[in-house]
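The first chain written gets the first letter, and so on, giving A, B and C; residue counts start at 1 in each chain.
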């Protein structure tokens, strides 16, 4: 079904490019000639306050996407390296959220009783929390240390309850089905039942929920970097590039447009694909 | 005496990805005043589509041809606006699943009176009284209190009684009951059938009773139409169809009806 | 019913306490010593000690926490400075009580939230409704494609695009300025227009998709068919038997979203320089002004938790099926 859908194919192709950029970043920048941290003062006009030479933010044969105003760092290289940050952080956060959400959700739904009470209250607590304010507060007061790891941990800590809530509900329904009772009657232990009988049946929802979570996490990472508490400079991140373009957008709109477009298209592609996958899973369940 | 309701060559066509498909093919039947016609068939035989086609309630895209006359007036091809004054007023329907057929957000009283007010006008208060009387007539105890209850507060059988009360509140000349007892317990089924028969004898309403279960209509129908994948297979008086079925399919359906001697054989 | 409400309020208090304690613990452990920060450059160990004394920082953590909670109800004394109840703390960086800082900013955040909510409800619900009715037409398909796009734009990107196009290029709007409605309603409206739109777009797109699928589901409900078979007028069918059932669940989601926004739209307020709670949060995080961060976190959690309760109560009022179960 995906193969016939032109929109979905375009999304897939774009994502493939972004992933390729992320994986082969050092190779690609070797080809393009400029690294992400290299200054090129010749590319900017110091008389005009550091605006890039040439039209469209200094797009040229040597700087494919133009350069940053003032210091003249190559935008193409920074976009390529920024893709690395976006992809790594969002995928790691999705993985961690997925594990936490599925395991805790299944435990709460399967064992009920006090296990459910503890996990559910914890979820209520985390979901009541103003996550964004708190993420910023924590990140800004923590030592710079290993920012990407911190970002993943903080994003996942507030993200897993949304998955766990769905998994918990579905586990509760599944736990009453005949095949689960049969497995129990034949002497299987609780953990065996959970992982062998219930987990495979949750595959559809897990796939849908996690695919739809990835674009959200890309947005969150970019948002936190935009607010200055994400990855620390000089590491490139799309959100951070957008943040630094704020003071330039009236004279150098390309500086803003390029990372903005990459961020938007990546999130859009993932959302469209997630939506398609959901439709497919829904139809598969109905059929 | 002229017939109340005459259907001739009714055909319903659905567009599909593989071209148009006829789900009802050249169906003809008549219903007299005081009469009950049973339409029997398995699911997918087109019996419900026939009922919906009569009132112009088919899903979008469906096309109908033929003739449907109530008291000599043609209904097919009437505008939506004209059809509205027929629906619920001259012809009303009772559906299979009473819980999902009633709107959970409104009291049964409002759902009955909104229909009465639409067709007959009058004040809120008088429409409410009509609703109470209608509930009383179908045997809902304490109707003055129950009128303000919501559908989920009634039992399955009572909900179907509410649906019947609603269908009859405007004294229609024809009642179409589409599998009205299928979703109910066997004992409740019998009560609902009894109620329908009783109401029919007092009001003189013509009735079309649609079911997949021949046993159900054997007790109440004067005439029977048997349908199979859109085709009218057999049509005649109940006596003819039950005692001397001409078509093999009817015989098959008759064989599927459990009989007392079957159980003895077990 | 009363017992149910009381039970819910009990859990509200517990969750707020937990949020409070957790925030307190985190900042107690993580942050640099506030006394040193207040003391500034010309600092002596003696001064730090006296500041610690005044703030109660040399007491054990739990008794500090207790003082904080007590302050909310009876007020508090920081040395010579009095912080009247409800005292959410005192910012020595701005020399203001946190409560007065919050009350000064809250109207801005409420204005932003209310305006955006009106916009997204109108656009989302009406758009979704039209799409559902015209299901499968070009309108439906383009509206839904647009909605997917709208969900995917990060709001700061949208904010910058709008500013560039409307303020810099076309010059149809001024840069948002802090003007009160009474002084100049036109400038007030123009200033809030972009923040409203930016905040509303994402929600509007979500609501449009949600409304569409809810309405389509309702149109295939048996009671919708019953309503048609009853011969009711088109508007009555639409109102009672399609919209009411389709939109009731949306009120729940709306309640939660709106409550979440009352605690400040951090990114939107920051980008447009609106002095609301969100910007207050961002600013105080930047300055590491702990009492303010703490209070803003608490306030936002308060809105979310209260919003949760209000939505539950509202739902019992709107859906008769829930109503009977809870009494």
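One rule holds in what follows: a residue touches a chain if its C-beta (ideal position, glycine included) is under 8 Å from a C-beta of that chain, and two chains touch if they have at least 3 such contacts.
Since we're looking at a predicted model, the values are computed, not measured.
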Note: chains that touch chain B and chain C both are none
Note, CA centroid farthest from chain C's centroid sits on chain B
The chain whose mean C-alpha position lies nearest the overall protein Cα centroid is chain C
CA centroids of chain B and chain C: separation to the nearest Å works out as 52
For the pair chain A and chain C, the C-alpha centroid-to-centroid distance in angstrom is 23
Between chain A and chain B, the Cα-mean centres are separated in Å by 55
In chain A, the residues touching two or more other chains are none
Per the touch rule above, chain A residues touching chain C in the complex are 124-125, 127-130, 132-134, 136-138, 140-142, 215, 219, 222-223, 226-229, 242, 245-246, 249-250, 253, 256, 260, 263-264, 267-268, 271-272, 275
So, in the complex, the side of chain C touching chain B is made of residues 221-223, 225-233, 236, 240-241, 244-245, 248, 319-321, 324
The answer for chain C against chain A in the complex is residues 11, 15, 18-19, 22-23, 26-27, 30-32, 148-149, 151-154, 156-157, 160-161, 163-164, 168, 260, 263-264, 266-267, 270-271, 281-282, 285-286, 288, 293, 296-297, 300-301, 304-305, 308
Given the complex, residues on chain B that touch chain C span 55, 57, 83-89, 92-93, 95, 97, 100-107, 114-115, 118-119, 150, 152-153, 163, 166
